[in-house]
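Here subunit A shows up in two complexes: once beside subunit B, once beside subunit C.
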Partner chain A sequence: MIALVKRPEPSRVFSLAAPVLAVLATMVFGGLLFAILGKDPLLAIKTIFWEPVFGEFAFFYRPQLLIKGAPLVLIAIGLSLGFKAGIWNIGAEGQYIMGALFGAGVGLAFYPAESALIFPLMVLAGALGGWLWAMIPAILKVRFGTNEILVSLMLVYVAEQFLASMSLGLMRSPEGMGFPGSRNLQQYASAHNADLITGSGMHWGVVAAFIAVIFAYVLMARHRLGFAIRVTGDAPRAAAFSGVNPARLVLFCLGTSGLLAGLAGMFEVSGPAGQVTIDFNVGYGFTAIIVAFLGRLHPVGILLAGGLMALTYIGGDIAQSKLGLPAAAIQVFQGMLLFFLLAFDLFTNYRLRFGRAEVV
Partner chain B sequence: MTEPLLSLTSLTKAYPGVVANSDVSLSIAAGEVHALLGENGAGKSTLVKMIYGLVKPDSGQMRMNGQNYAPAEPRAARAAGVGMVFQHFSLFDAMSVAENIALGMENAPKLSALSAQISAVSETYGLPLSPDRIVGDLSAGERQRVEIIRCLLQEPKLLIMDEPTSVLTPQEVDILFKTLRKLSAEGTAILYISHKLEEIRTLCDSATILRLGKVVGHCTPRETTASEMAEMMVGKLLQAPTRAGQTAGDVVLGLTGLSAPAPNAFGMSLKEISLELRAGEVLGIGGVAGNGQDELLAALSGERPVAQGMISYKGEDIGPLGPTARRQRGLLSAPEERMGHAAAPDMTLTENAMLTGAAREGLEKRGFLDWPAATRFAERIIERFDVRTPGPTAAARSLSGGNLQKFVIGREVLQKPDVFVVNQPTWGVDASAAAAIRQALLDLAQNGAALVVISQDLDELMEISDRFAALNEGRLSVPRPAQGITVEEIGLMMGGAHGMEVAHV
Partner chain C sequence: MDLSAINPILFVAGFFVAATPLIFAAIGELVVERTGVLNLGVEGMMIIGAICGFAVAVETGSPLLGFGAAAIGGAVLSLLFAFLTQVMLANQVASGLALTLFGLGFSALLGQSYVGVKPPRMADMNFGPLAEIPVIGPVFLSHDIIVYLGLALVACVWAVLKFTRAGLVLRAVGENHDAAHALGFKVKRIRTLAIMFGGACAGVGGAYISLIRVPQWTEGMTAGVGWIALALVVFASWKPFRLLLGAYLFGGLVQLQLNLQGAGVAIPVEYLAMSPYVITIVVLVFLSRSKSAAPGSLGRIFHASS
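Now for the complex of A and B:
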């Protein structure tokens, strides 16, 4: 018999080793999966993890790492605050869309005027859009005790309908010859979220992601609000006893995560994506959930996890085109990562005991 | 001499890092009421768990009725005629008494037949209980009767009772003792676990005393004084808390018609509680668990703020204020449940010191937390209250119950409260730690703080209170001086036996 025994104290070693072990296990079992599909597993793993950074075309892929990693990190940082406190915002994808719509909306409204104020205004609008969309589940939860998981998730689909409506209607480009989609903001200098150094992939969203990481780190380690979040996650009654107001915490956590997701959407639509289209959202809001947990809900961990996730995205794309791996296999591979992380995570608080089971 | 009903020979059971029972031997004759006496952590629970088949001994043997007895699971123990009433009940609130009992039986008869059986047993043993009532509506004493009747229906030869009186009013204790004496007269042996010495002296024929997992003595309780037994139990003389008499100061805390709705379906609402508390006095609040103790503490700590005008503190209306604002003013509290309420289990002692110490100890400046200062505060608590732990970086859950309690109480006491409200300050704490905690409370009062001590331990309340009041169904009785109050009077203040007289046989 194998039994799980709770450790008297969480193991520090395992809490740090779990992500590394998870990545290793994913490589082993992912490799197995690729072998079953008739591909060379070593080559596939190398393509996913090595090619984007050090391969022949790395000059092209490296900026992509920043472009893909930034929204993941930005959203995941926001989500991690709530997740730490047991407040589950699953609808970052919707908040991301609304941020993009609000931001792009402001930019398009000023077209073709040129002013240095337009982009900052768009940033504020994007943040506001994401924040407002997240306040719906927050207020419903505080006021009526609804489940924020369901409400925020359902609102993703509402936001997608908004997106479709906007790209087909209000925001459709008058010069688009009837095709759905807005004007391209990349061709509108005042609204363009351009690379800060041309060709580096370093746009304002990347800067915002780094700022968010530092902000979250200070908040969690040094500020009373971060402490309130951690206590609430560990022992809600102890938090209430110490004076934490649970309703305010829900509003703060959902609001902040919505705000950051909205920012991510705004930076994406005005930069790498360029325009509002029906298929603007590609799942950053959902992948960020994996990133948040892969990073152990720790700001620095999330930064690393965002990079790793971006790597598997880009490496996965390369593996698809170069080796002909099916897209589904890449998704399974990414899913394995979260699965193994959660599995190894268990050993932070529990250890295995072999031998006879005993009822106590 | 005939063979005893149950005999244990050199039972030993070790857990990683601790020997719970070492070479324990005892024997119980049919019809004997045998007390198992010891402090928390002395190994009483482990021993009865072995008898009840929940834990397997590492070595030693048990004999029952002259035969080898080694129950692999509780079912085997029940089949051999051993019944056990646990300290914590395992009942479903939303189901009736009969349904609850049927759930615990291997092959339960029809509900109507079972109800008849329940009524019969309850008549015979003087345990008034209606089989159709919903368990959620029952008092703790009545719930205990459900558990006892569940055992009696299996006609046990040995009944194990784990701290049965901790949740009962004195009158309910009398009813229970009559039942137990009747059972014993019919030949049922009873293994009675308690640390209440007077009770054991009234009820039990013999006693085995455990300390640190070993048998340290046997005695006949009727011929031994309580202090002699206490000495054997603790291994040293206990110092009774002391304080110099003093006159009460100004009124610091006033409750006027304090009412609050029940927080949930099985909670208790507070009804029109009024009282005045003066600086330097200790108000003891007794009562059977579940009569509004948790709710009163939550209303006073600010965890559940109440309406305006209900609580005044030094002349200020603080009813709607939250915990932090009340702490800043000097009203501190410590709830009953240490793990998860007074302390966050997975967090370090430093973090737990920050939990309530932030405002008063200057651990926070404009929202930013001063962790080195919190560590120093935690170290001070650990040192002053003799908390056994490797240090302030240990997780709260790694501490034993008594040590965590010392930490939690120490954390508040060191913040020098003007009013301190505490619920069950020594619950589950060993005798020497309990004495230290009581002394710390009395020292607080000595230095001019006003204390509200909510407890279910009447001896404790009598020892430290200046005035005594009782909670019953969310109402507080009129406080009266604790000096010279009798057990009967206390019982009446606690609501008698909840309308239950001994059923007429």
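Now for the complex of A and C:
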């Protein structure tokens, strides 16, 4: 007879081991999946995890790691604050889109004027766009008690339609010969979020991601607000007694995650993506949820998890072109990772006891 | 704009087609939530149902077999959720999200060779001379069997929850799992069964979209219907017949939106297409005050020793 016994304190060892075990288990089961699809599993795993960093063309893929990782880390850091407090913003994808639209909108409005002020203004607008979009579920929750999970998610679909409308209408490039999509911001020096060192992949979004990690670390470890977030997540009643204002916490957590997601969208549209198009968003907002959990909702963990997730994106692309692995297989792979993580997390809070169960 | 292009009878009959996927997904989730489990994976189970149903219907040529396969597919996927939340005691919100993310990816993988294929057509029910009655015939009696099955299912769930011992036990587990456990009810087993029922229902709802409402297979084709179904359960305050009302209201709005698009109203298509989601939010705002109707143990993890 095997019984589960709750640990008096969560195990630190297992808290750190669970993500590693989850990645290993995902490799095994992902390999099985690839084998079923008729691909050599070892080669596929190697292509995904090894090729981008150490392979023959690594010099080309390494900058991609920063480009793909930055939005994931930026969004996941914001989400982790709320998730820790039991405030579930799962609409980061929508906030990401709105940030991109606001940021690009400001940039396009100034076209073709050149000024050093334009890019900072776009950054502010991007942050504002994401923040405003997240304030909708936040205010509705505070004011009416509406479920923030459903509202933030519904707003993703609204934002996607808004994006379609913008790239077909208001923001469509007048020189685009009728094709949907805005002007390319990469060709507009004042609005271009260029690599800080050419070819390194190190754009302002990457800088912002690192700053966000440090900011979140200090907030959670040293600041009173970080304490309020942790207490609210662990014991909401205790938090109320210790003077935490739940409404303010909701506004802060949703607002910050929206702001960071908006920034991520803005840096993406003005840098790697370059223009507002109908399919501009590629699901970073949803993958960031996996990143946040895989990183144990801890800033440093998220940084590592973001890197790993970026790796699967790039490795997945390589596996797609080299081995003909379907794009969806990588999505399944990422989903599996979250499954295993949630499963292994059991041993953080519980331990197994072998032998006869006692009658209580 | 040409509103006369909208045929009122076809328009109202369309309510049923638009509402059926919602009814299935939402009634399943309602039962799950009444046992105290919040499964946010409805969207994932629907899309798996959509592709399982589509694939089997195309391969066998029988839409009914397709719906059966969809139910099985949805239930199997929901077992993953049951394993995570009931055995591994994982957070229900996170597990549900995982299910949706995984389901969307897995369905895309399964559906690769089915893009652009036409599914076999489902025959409408034959009501004989009754279907000839003007207005009532074409509006109520011109649909396929799944539409009526959905209505019957809602009635069944209502009756079981209200009048049977099984329904009472189910509600007890949802209201207070510790008390139910103390009375000797198998909380985890009951919840696992409910989760599987929810998965099967969501699967059928998804298959209705891919086999009848659209009908074809495209990636991510459920487009948030699973999430709207979750909102619908809140809207219905966890009561089956209010759920039915909500689903038709919503189906009607979707239908109206599509008809307005067709009639060429001077509102851009994108704004009409976002209206169902905006309306869902508005409805949620108006109904969020009656929180007391939610099952007492909703979303809480049950472990016998604690």
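Please note the rule applied: the second predicted complex is superposed on the first by the 354 of 360 C-alpha atoms of A that agree within 3 Å, B and C clash if a C-alpha of one lies under 4 Å from a C-alpha of the other, contacts with A are read in each partner's own complex, and residues count from 1 in each chain.
The definition used in the following text is that contacts are C-beta pairs under 8 Å (C-beta built on N, C-alpha and C of every residue); 3 or more make two chains touch, one makes a residue touch a chain.
Not measured: the values here are computed from a predicted model.
For the composite obtained by superposing both complexes on subunit A, the positions of subunit B and subunit C are free of clash and fit together. After overlaying the two complexes on the shared chain, residue contacts for A:S200 are found with neither subunit B nor subunit C.
When both complexes are overlaid on chain A, the residue A:S242 reaches subunit B alone and has no touch with subunit C.
Legend: residue contacts after superposition of the two complexes on their common chain; A:R230 is shown touching subunit B, with no touch to subunit C. Aligning the two complexes via chain A yields an angle of 70° at the C-alpha centre of subunit A, spanning the centres of subunit B and subunit C, rounded to a multiple of 10.
More residues of subunit A lie in touch with C than with the remaining chain of the pair subunit B and subunit C. Judged by the touch definition given at the top, the superposed model places A:I289 against subunit C, while subunit B stays out of reach. Remark: least CA distance from subunit B to subunit C after fitting both complexes onto chain A is 5 Å. When the two complexes are laid over each other on chain A, subunit A has residues 360 in contact with both subunit B and subunit C. Residues of subunit C that touch subunit A in their complex: 40, 80, 83-84, 88-91, 93-95, 97-98, 101-106, 108-109, 112, 219, 223-224, 227-228, 230-231, 234, 268, 270-271, 273-274, 277-278, 280-281, 284-285, 288-289, 291, 303, 305-306.
Looking at the complex, you find that subunit B touches subunit A at residues 49, 54-56, 73, 301-303, 322-324, 327, 335, 337, 340-347, 351, 354-356, 358, 364, 367-369, 371, 394-395, 397-398. For subunit A in complex with subunit C, the touching residues are 3-6, 37, 88, 90, 136, 140, 144-147, 149-151, 153-155, 157-158, 161-162, 164-165, 168-169, 286, 289-290, 293, 326-336, 338-339, 342-343, 345-346, 349-350, 360. Only residues 8-10, 222-225, 227, 230-231, 234-235, 237-243, 245, 358-360 of subunit A touch subunit B when the two sit together in their complex.
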